[in-house]
Structure formats: C-alpha cells, structure tokens
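Presented sequentially are two complexes of subunit A, the first with subunit B as partner and the second with subunit C.
And now, the complex of A and B:
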C-alpha cells in the first residue's frame, strides 16, 4: 500500500482537498450549465449551432470538473486516475462515434428529407 | 405524478393491492404454497438445530472472500435451476401447442400458457440465466480463486465484496418476488422500445425488470472494481505480471470490460425508468424519441457483457486442461494477448445484434469485419488448448470432461457465430431460433466451464473431492440434453421458426419440438445426477480427503496452501519463483517446504452492514416498482446513512498473533493426508526462496525457508 491505512486524513485525496478549487469548479460548472439552459430554452441559436454550443459547454464543464473537483493531474497519487481517464478516450470515441455514424446512416435511409416538412436534422 | 398511471394508486401502498397476488393462477398459487412450506421448514430446521447464531456470525456477516464466493455460487446455482424451469416450461408449451389443431387448457388457446404468461417466462429466463445465474457463478468462482492464485489474504476491499454479494442477492429476491406479487416483464430479456413504455406495458412487470437490472448492475460493478484493485495491488512477492495464472488474467480482462460497460446498461435502463416514471420521451416513437437508440445503448453494454461472461470461462478451461495434461499451458503470452484482444474487440461489435436495423452496407461492413476479428484470438486460444493437450499425459477426470465439452461447444457456437457475423446470413436468420441455438452454445460453454471448475476447485475449498463417477454421469446426461435440445433447434431455425413463439403454428416443427422434450428430460436427469453427486461426495468425504495439491498435477499458487483453505489463505505469504509455482515447487522437490517462522497477521472484521444495505436495496427496488414513494425515500436515505456511518467508523480489523498462526497452520497440515510427492530427488542448485523475508502481505512478515534440508 502506498499510504497508511490508519489515518484517513493522511490519504492524498483528503490532503488535496482545497476549498478554493471546489468553489471554483462548482461556479464554473454551474455557469456553463446555466448558459446551456438559457441557450436552449430561449432558442437563441439556429438548431445546429445550438447543438454545437451545448456540446462545447458540456466539454468545458467536464474539463473543469475533472481538474477542479477531481484534481486529476500527473502527480504520483493521481496518475492512476489520469491513466483511467485517458483509457476512457478510445472508448468514448468508439461508443459515441460509431453510434453517431450508425444513426446518421440510418436517418439517411429511413428519414428522407421531404421539402417543406420539418425534419429531424 | 408526472405520468398518467393506469389503474388505482394510493399514497401508502402505491400500486400494491391484494388483487396483484396471483392466487387464482393454477401454476403460481401451488408454487407459492410450496415455497412458503420450504421456507418454513428451513426456518424451523435452523431454529431446531440452533444454527441462527452460526449462520449470522459465519455466513451472513462474513467478509471472507471464500465464503462470499460460496454464497455467490449457491445463489447462481439456485437461479440456474429457476432459469432451467423457465426453459422447461417454454419447451413444454411449444411441444404441446404446435400446429393449428393443438388443444389448449388453463385459459390458453393452444398449450397451457397464455401469451402474456409465456412472454414473462422467456423474459425471465434470459435475464436470470445471464445476469443472475452465469454472472454470480463466475463472480463466485473469481472471488474464491483470484486471491488464492495471487497469494493474497483477502480481496482488496472485503466489505465492498460483501456489499456486492448482498446487492446481487437483493436483485435475485426482487426477480423472485415478481413471481408471486404482480407480473414480470414480457418484453424479452433485453427489452424492446416502445413496448416497455408505460402506454404499452401498464403493469409493474417492466418496473421489476428495470430495478432488478439496476441492482445486479450495481453489484457487479462494485465487484469488478474490487477484482481489478485486488489483482493490481495484492499480488504476493515475486508474482510478476507474466507469472499471473491464466484464470487471473482472464478475470482481469473480464472485469475491465465489466467496469467500463455496466454503466452503459445502468444509463440505458435508467432512461427507460425516466420514460416510465418521469414521463420523458427518450425511447418513444414521437416527441423526439428514438426507438433504436434504446437497442443501441443496451447492446453497447450487451455485447461486452457477453465477453465478460465468456472470458473467465476461457480462463477456467486454461487452468483445467494443463493440470490434467501434466504440461504447462501452451503459448502463455499469446493466451494473455488473445484474452485482451477479445476484450478490446468486444467494444466494436455491438451492432451485430441488430444488423437488420437498416443503417446500410457501410456500417454493417465495419461491424461484420470487427465481429469476424473475434475469431482470430479465439482461434489462438483453441489451438493453444489443443497444443497443451498434444503429447501431454492426459487424465480424463470429470473436470477434464467438462472442459473438453466446453471446447466442443465453443467450436459449434463460434462457427455459427462466424456465420451470423455475415450480414447477408444474419438477415436470413435474424430473430430465428438459429440465433437462440447459437448463443445457447456459447452460454452452455460457460456453464460447462463452470461445472468443470466447480469440480476442479471443490477440494481446495471444502477439503475433499467430488465423486468422479457421478460427475461423469452428470456430464453425459447434460451433454445428451444439450445435443437433443439444440441440434433440432438449429434445424428449426433453418426451417424459419422464429424465437419466442407461444404458438408454433407450423406442424412440420412438431417432431423437432418432441425431440427437444427428450433433451429436457436428459437435463432433468442431469440435475438429479448433480444432487446425487453432492450427496455421495458429502457422505464419503472422509475417504476422499484432499491434500494441498488435490490433483497431484496442479500448477498454480492456490494449490500450495492447505485444503480446505483456512480463513487466512496462506499462513505465510509465499515467495513466487515461477509462472506455475506449484508445479515448479513440485518439480524441484519443494512441495513439502514449510515456513520456519510465522508472523502476526491482520484480518478484516465481520460486519452486518453489508447484508442490511443489501436488504434495503431490495426494499428500495420493491418500493420503486410499486411506486410507494415514502418507502423509496426512507430506504434510500437509510442506505446513504448506513454507507456514511460505515465509512466513518472504518474497520480496525483484528490481529492474529504469530503463535496462533503457527498452531493453526500445523493443525491444518495434520488434518490433510500426506501428499504423494514425486520420487525423484529434489533440490535446486544455488537454493530457491520459498518464503521470502520482508514480504508485505497484509502486514505480515515472513522468513526465508531453508531449501537445503530436504531429504
């Protein structure tokens, strides 16, 4: 074991706790979520731009939470978490990417755009 | 309420009412009476013999990985039986109902089961067999074997291990409760959108299905975290990565799959729950929902899950075959690579479960090629096993029978799988019983490996071997059942019989369905043979007392410690010198080597929290199913409170002094028969380390054994 088991306060996760970063993370994530909500509920952008905007907000929120709340970096005690995070990227690309490809091909064949009709995309 | 709930509801009982208990059903009502009588008998028996204290102290509150593993296996065997009864009912219904003139009884037009009841049976059969029978059986065996194979005293998180078991048990109780209170889902085990939406399935069946899934997914995810942490952090000194026994490697890859895929299931099922409870429209046909998105999300988990169950089975075969071939596993490194290749590809193939969705040739081609790729590492494994046996000294024990049977089924299932990976063929046989027969070959391959490893590792856990003759009888009966049920099923698939027919309308299918009934009879006899095997083995246990190395030719680390394994696993954590440590020590005449010095060890304490939290998760699932909101809230809060209080308390564990360890080790040693040691003289030039000093096994410290005083 890399650290003692007797004193929970000695765990690196506890040692790394830091009010300022928690508050920053919370505020940043909340602001991004509020921005996405306002954009969607007010229909402030055309549909495709809206999609890009909320995807961007979600991506930034993930980075903010990973950094400020989970304290992931390359230091000795969080390297395993970071490795797990990086291993997750190919899975993310496979699952979301292939799903997107699959459904775009499906819609191409099953949901043809009829002129004058509101479409799915 | 956010959704328009059909039928009555009241704040105290939710949708629960006396009329939900099917006491007029001619199948369920007698079954309920039988179950109640059995439970009363058990309670009376335990009370009469005064075993409540023993049960609570030794089993229900235990955190010992071996006892938890045994309970997982018992749970899995009970559910295997329940799932088999479902299968028996389906076979009987189809054999009775075939053709346009088949008569009906008990309210059914054809056969004896109404379509609604039949739908519940096949849904329950699929879900139970995969998630509540195969998974607990595999997790149970992993639980027992992994810490022994890597030389650990327990799992990395003993309490989490107990929690995983009791949450899985809660899922089992929930699915069994659906028999007697309300209905179960009738939408197939993996569910179809939109039939599981509230508008089309207004009953509680789908809700039972949702919460059972969620509970078992939670239990399995917790278990997988534990296994990965154990294998990464708890290996004995000298147990380098490339010395890990093959079963441990296979389990590691399987649990990585489980950890990454079960969350997908929880999300998919969670979204179904949102549709049914909150009125969202994820999987509805209108309002922006998408039916196929559900199928996609489900199989995103579903296919990795298939490899989660098959990889440990491959690992078991890789342990049994070398032992009874008296040779090391052929191509160890390629075996490891093949295992991880299968695990990696498992993420790229899920679309082959719905090739007929209509996404066109490009997407189908990618998934078809990826699916065929699985054949390469699987082929590597099959050849490795074959070359392990080639020119080996084969002993055909019962365990070896099961392992060889598993190989044969893998071949049949694998080749039909290759057929199905071709979209053109897949379009032809999609949703036919050909597919059903194919995946039963694969799942039976797992069942064969499980029975093989139950026989193989039984002496390690209980200290005596199972009866060989009855094990082989069971094997032949079970194999006869497999052949008689599934060969006709393959043929019916080619004849165009679709799956899930409560009424097989074509009279040409009748002879095939009748042959399948013979197969079911063989399966019933094999279950009897299993019971007889257990009875005979327990009765004659004194004659079949096993030594540490129960088979005399075993290879991996678990065969070094005493049989039955004491609760501390290894009195002194061994120093690992070679890939097949037990075989290496035997070949170098070090099998009888004992540690000369003992140290105090630190073990975790028992706790009742795990079973209480498990019970509360059942209450939560039941309350959510019946929409009893106050009870859901209370049980959820209670779970959170218990979790926090347990974490805050921590577990100081207890220390066993060195003298006590020495006494227990000597006693375990004396209780075993003398092992038959090889005749050739032992000894290694330069000396070998059997027990290294400074080994950091859970706070213990061991001393160097002297290797040079062997006779």
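And now, the complex of A and C:
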C-alpha cells in the first residue's frame, strides 16, 4: 500500500475518482429504488413475491453503490478495503439474523395472546 | 546482534523502517477510516436487529404500524436527495483529482445543500407523525423505528458539519496529505450512509408499508 509520490494529488486514492462511475452508480441505485417504490406503493405482487422483489432491488443497489461509488474491487490499491468489507458481511448478517431467529423462537413459545390483537403475524 | 538490546535508546528508537518506501499517509488513513466505517455498520446491524425483533404485530400493541403512516413516495424523494448529495460529493472528488479547488468547493456545497434537504424532509416527517401522536413512546415497535431512522439522520447531521469544516479547509489551506485524507474519509462516510439508507428505505419504510 505504499506509493511514495511527492504530490498527494497523484495518489491512487485521489486518482480513482471517476465521474462516469459515480453517475452509473447513481442511476442504477435510483432506478432500483424507484422500481421498489412502484412495486410496493401499487401492491403489484403478492406479499412474498413483493418481499423477494424489493430484497433483490436492495441487494443490487447496494452492490452498485459499493462497486461504483466506494471503489471496492480487486485492484492492488483497493484489495484490503474489499477484504475488510467481505469479512464484515458475515458479521452483519449473523448479528441481525441470529438475534431475529432467537426472538422469533422466543415469541413462538412465550408470547400470550393479547385480547383485541390480531395475533402473531 | 547480541548487544542490540543494550543499545536501544527510547529517545531515538525507530519503530518501523522509516525511510524504506515512505510512510503512505493517505492509504493508511483511508484504510483505518474504512475499518471505522465498518464498525459503524455494526452499530446499524444492532439497530436493524432491534427493529427486526420489535416489528411483530404484538410489538405495536394495537397502535399504529408503519403500514398506516409511511408515505413511500415522500421517502423516495428523501432517497433521491441523499443519492444526489452523494453524486455531488463524487463530482467534488473528480475535481480534486484535477486539482480544481473551485470544483471541489462547488461539489461540497451542492452535497451539503442536498444533505440539508434530506435532513429537512426527515424532520418534517417526524413532526408530521408527532402531530398525530405517533411518537417513540407509543409502542416498542415505534421506539425501534424512530431509533433506527433517527440514528441515520444523526449520521447525516454530523456528516454535514464535517462537510462545512472541509469547505473551510479547502478554501483556506493547500491540498496537503491531511486535507486530502479528510476529504477521502468523508467521501467514504457519506457514501456509506447512502448504502445504509438503502437498507433502511427498503426494509423499514417499504417493507413496513406493505406489512
């Protein structure tokens, strides 16, 4: 990760800025968010298909932002940022997933029916 | 070799090969700050987990749910304000690449104005909900909803303050390693807020609206 230029503007971290890449990331993410909004606000799909569709939109939008905006790639300069991100993803998923799973099982076994409520989910 | 330990002078010892290739300040800072940003992502993970376990029907205790108060197109405009702000910041970084000081300042100004628009829309939305007595005290589900969305808004707020500081520094200082390092750190911070917003918009606002 050493480059040793005298002019800090010549540093690869500065030189990797690229308008075309930023505009591409913006357009892709915006179109996906617009598509998700149209699908949800019009209730255009049955609930489970709708959830899958907007999850797909979110996943693709995040990949586009991470690649086109945050410059995560396999180049010599960015590889360690990418490795840190890849190692971060399981932590993020496990933290949310295990907590959610734990509580959903707990609710299933312990939550009494409250009068006047439509019930569990 | 065997007398090396005796000769160490704490005043003069060098901890790494100082003159070897030069210490790459920008790369080191950028990687360090990226690790900080990922830790910030873990903060969001805990809040997503809290929202996940507090968004069951019983979590709202017969009170209002996001399905009743979320306005998808309103929040979509917020999304666009944030994405455009990130885009403007990107243009500022391309101007930096060419050493164009005015371009950097214009990009940062545009990014701040759009960030203020995002924050203004968020505050307006919160006040609208407070006006109809939908507050964090209403139910556990709403507490989790407010904490998650407003922690993100707080990130935007502090990012905006940082952006004002950077506009001042770009106007008053040269493009030194330090100033450039801060601009790059803020770029990653700002773009990461847009990534987290995609999760919040889709899984809190949109999913909440359709549930």
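General remarks:
Following the convention adopted for this analysis, the second predicted complex is superposed on the first by the 98 of 121 C-alpha atoms of A that agree within 3 Å, B and C clash if a C-alpha of one lies under 4 Å from a C-alpha of the other, contacts with A are read in each partner's own complex, and residues count from 1 in each chain.
One rule holds in what follows: a residue touches a chain if its C-beta (ideal position, glycine included) is under 8 Å from a C-beta of that chain, and two chains touch if they have at least 3 such contacts.
Because the structure is predicted, anything quoted here is derived from the model rather than measured.
More residues of subunit A are touched by C (comparison of subunit B with subunit C).
Look at A:91: by the touch rule set out above, it reaches both subunit B and subunit C. Judged by the touch definition given at the top, the superposed model places A:110 against subunit B, while subunit C stays out of reach. With both structures placed on the common chain, the touch criterion links A:13 to subunit C but leaves subunit B unconnected.
In the superposed pair of complexes, A:99 makes contact with subunit B and with subunit C alike. Once chain A of one complex is fitted onto chain A of the other, the partner contacts of A:75 are absent, as it touches neither subunit B nor subunit C. Residue contacts after overlaying the shared chain place A:29 against subunit C, while subunit B stays out of touching range. Where the contact sets of subunit A with subunit B and with subunit C meet, they give residues 1, 8, 88, 91, 95, 99, 103. Interface residues of subunit C, counted against subunit A in their complex, comprise 21-24, 26-28, 30-31, 34-35, 38, 41-42, 45-46, 48-50, 52-53, 56-58, 61-62, 72-73, 76, 79-80, 83-84, 86-87, 90-91, 93-94, 96-97, 99, 175-177, 180, 184, 188, 191-192, 194-195, 198-199, 201-203, 206-207, 209-210.
Across the interface of their complex, subunit A is touched by residues 233, 260, 264, 290, 292-293, 296, 300, 347-348, 351, 357-360, 362-363, 366, 650 of subunit B. By the touch criterion stated above, subunit A contacts subunit B in their complex at residues 1, 8, 88, 91, 94-95, 98-99, 101-103, 105-106, 108-110. By the touch rule above, subunit A contacts subunit C in their complex via residues 1-4, 8-9, 11, 13-15, 17-19, 22-23, 26, 29-30, 33-34, 36-37, 40-41, 43, 47, 50-51, 54-55, 57-58, 61-62, 65-66, 69-70, 77, 80-81, 84-85, 88, 91-92, 95-96, 99-100, 103-104, 107, 111, 114, 116-121.
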